[in-house]
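Letters A, B and C mark the chains as written, and numbering starts fresh at 1 in each.
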Amino acid sequence: MRDLVRNRMALAALVFILAVLVFAILAPLLAGYDPASTDPGSILTAPSREHIFGTDRLGRDIFSRIVYGARISLAIGFIAVGIASLIGVFIGSIAGYYGGKIDYMLMRFVDIMLCFPTIFLILAVISLLEPSVTNIMVIIGATGWMGIARLVRAEVLTLKERDFVSAAKVMGAKDSRIIARHIIPNAIGPVLVSATLGVGGAILTESALSFLGIGVQPPTPSWGNILMDGRSTLGVAWWLTVFPGLFILFTVLSYNILGEALRDTFEPRLKE
Amino acid sequence: MNLVRCEDLKKYFSGKARIVKALDGVSLEIEKGSFFGLVGESGCGKTTLGKIILGIMRQDYGRVILETKKAQVVFQDPYNSLDPKMKIFDILAEGLIARESFIVNRLSSDMKRKVEEILDLIKLPKEALDKYPHQFSGGERQRIAIGRAVLTKPEFIVCDEPVSSLDVTIQLQILNLLKDIQKKLGITCLFISHDLKVIKFICDKVAVMFRGKIVETGSVRDIYSSPAHSYTKALLKAASYDNMKNYGREYL
Amino acid sequence: MNILEVKNLKIYFNVPDGIVKAVDDVSFNIEKGKVFGLVGESGSGKTLTALSILKLISWPGIIAGGSIIFNGTDLLRLDEENLRGIRGSKISIVFQEPASSFNPVFTIGQQIVETIINHQGVDGNKAKDLALECLHRMHINETRRVFHNYPHQLSGGTKQRAMIAMALANSPELVILDEPTTALDVTIQAQILDLLEEIIEKEKLSILFISHDFGIVSRMCGHIAVMHRGKIVEAGATKQVLNDPRNDYTASLLKSVKALT
């Protein structure tokens, strides 16, 4: 923890992440307007005191949309990563602990999954199902667990040779107990790093999908689909693109910086 | 009566170009209540033998007969034998709930009492229970490892180089603790070490291993005073090299 | 006369919790042609003291004070270039782990030849001859095979002999041995100690011998200093320190050692 505090950039990143989180949670209080309410009288107005981020083609307040959009984007980010982590940890530990044929089969499955260009896989699935927020969360999670699985498997391979695991075996502990109580808690470090970096990635993916129109559907705001709206009016209404763009940029950047900082805290802990 | 018996144990590891005979036909018997030493240099197979007797490793040939279901282990590296993410209380108590499903973690007050009793034996304060392994020294961790092993009142313990990575004053502490435990609990112990001095201090009988075979077995007194096998002789000679009776060089 | 004089050496470590005085005002002298032992338990500061002689202390440790006089020069005030000239030629060091002291991607021969060329300025062929001769002096059988082998192809004992050969390749005046036999099996230990005794006598080397093992130190060293928590608690002729320790720590340490003999 102390190392994190010392790293100024990581601290800044953490502060930004928390700020966005607060924004998202307190959305109803912070937003001045209902994100869906249109106002034909104020179409495409530049940032002003009434609308600090301006308005869009339908007169909706951008700031309110961004603040509500934060909820969606963050929720998708966290839950998708949560799903990916659960799948990854499960598959990685089983493969690493049991080795042999099980390991072989599972790792070939990972390889196959990695062969698919994720975006196209997601596009294909989304076009079959409807692009609801839930579906997006699940599909991003279900296509993003492979890296975590490999990381966990690597950790487990070293962990299972450690004496405290042998001691537990001698005491009569079953495999399930060893994996759940000894292996996974010690393998969590890299997972935390991967998950933090993953949140940034998930947000980016969701933004891309929404930008292409197959992600979160209007009128529900998400940073990606606000960008989509702004595409046609780029020359005239820069605020439609710049503000959501900046939020996406800084949020993803912050998660990346935090992830790297976490990696620095966990990696050197090789030999005490 | 023999608590442990090994019959013609063989274990092979396939190396890059050849097969390594880690154990090449090892047989021994350990009497109940005795401290049996297994001594040899690196690669002789003593650790492999220990693991096979405990059931952590499977032999390729031969059998192990254990007249007990209650066996425990103490490993060499105190930095590796305790789960760094577990509190000392949980580490000590693990033996009591290890056989339960992994969901179980609540401990009865009876178990809590047993853990606290062990603290007396290993001479650690009550505050230690809430701490983590990295907050303790090597010697203290080894005491915790011994406490963990002894808590379930096992009949048989395998100690694999338990003092080799400790300073000499701490070594003595740990060895005295083991002697204390032997007296109080009457445990049978297989004590594996490369250090002849340590074996002499704590064991009754000893088997000398070399390249996967036992070359000589006998009481510590007999083996150390009149070794029969040439390897045993060489080992003893090398170890007595530093018996501190020859004082340094005085060069002109 | 003294070949090495360590005066008020201080090595401090800058850690989050404050400053750790790993070596706290240590002074001792090594007479030319003698074997001086530095004994202590782990963490006493003996290895750091040895490393500081060749300024091999890296961050977060720093040499905070004192002087190390070698042949009239204070090594701690010497610039890096001159220091490099001394390391490996006038003063050399043999480490504990033969495995990690050799570069795994070069052969033993290549590494010994490199240090010979660096310090003696001879050509490749002459260096090769000198290297082979060094290996031979260490009673290594099949010197040519060992010369062309990579470190991982050799046994612990042979690696250590090669390490000693490399340390002696440039006829150093002072050799530092940092736990040279600790990582070896006991029968090999005895062989290496025999070898060291022979070489020390033949080449009239001055030695700083670091160990935690009183037995080894008693055999090899005429004078010893006992370290505890960064300080020297007792020093003197080996026989005297071992038989009649004046310091409590030394006495209790010796008691434990003798209990296990």
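In this text, contacts are C-beta pairs under 8 Å (C-beta built on N, C-alpha and C of every residue); 3 or more make two chains touch, one makes a residue touch a chain.
Since this is a predicted model, take the numbers as computed values, not measurements.
Novice: Where centres are the averaged C-alpha coordinates, which chain has the largest centre distance to chain B?
Specialist: Result for max centroid distance from chain B is chain A.
Novice: Could you name the chain whose CA centroid falls nearest to the centroid of all protein CA atoms?
Specialist: B
Novice: State, to the nearest whole Å, the distance from the C-alpha centre of chain A to the C-alpha centre of chain B.
Specialist: Here the centre of chain B sits 48 Å away from the centre of chain A.
Novice: Can you work out the whole-Å distance between the CA centroids of chain A and chain C?
Specialist: Centres of chain A and chain C (C-alpha means) sit 54 Å apart.
Novice: Chain B to chain C: how many Å between their CA centres?
Specialist: Spacing between the chain centres: roughly 33 Å.
Novice: In the complex of these two chains, what residues of chain B are touching chain C?
Specialist: 41-42, 167-169, 171-172, 175, 194-198, 201, 234-235, 237-239, 241-244, 246-251
Novice: How about chain B: which of its residues touch chain A in the complex?
Specialist: Within the complex, chain B contacts chain A at residues 51, 54-56, 71-73, 75-77, 79-86, 94-95, 98-102, 134, 145, 148, 152.
Novice: Quick one: in the complex, what on chain C touches chain B?
Specialist: On the chain C side, the touching residues are 33-35, 37, 41-42, 185-190, 193, 197, 200-201, 204, 212-224, 238-239, 242, 252-253, 256-261.
Novice: Flag every residue of chain A that touches chain B in the complex, lowest number first.
Specialist: Touching chain B: residues 162-164, 166-174, 176-177, 179-182, 185-186, 272 of chain A.
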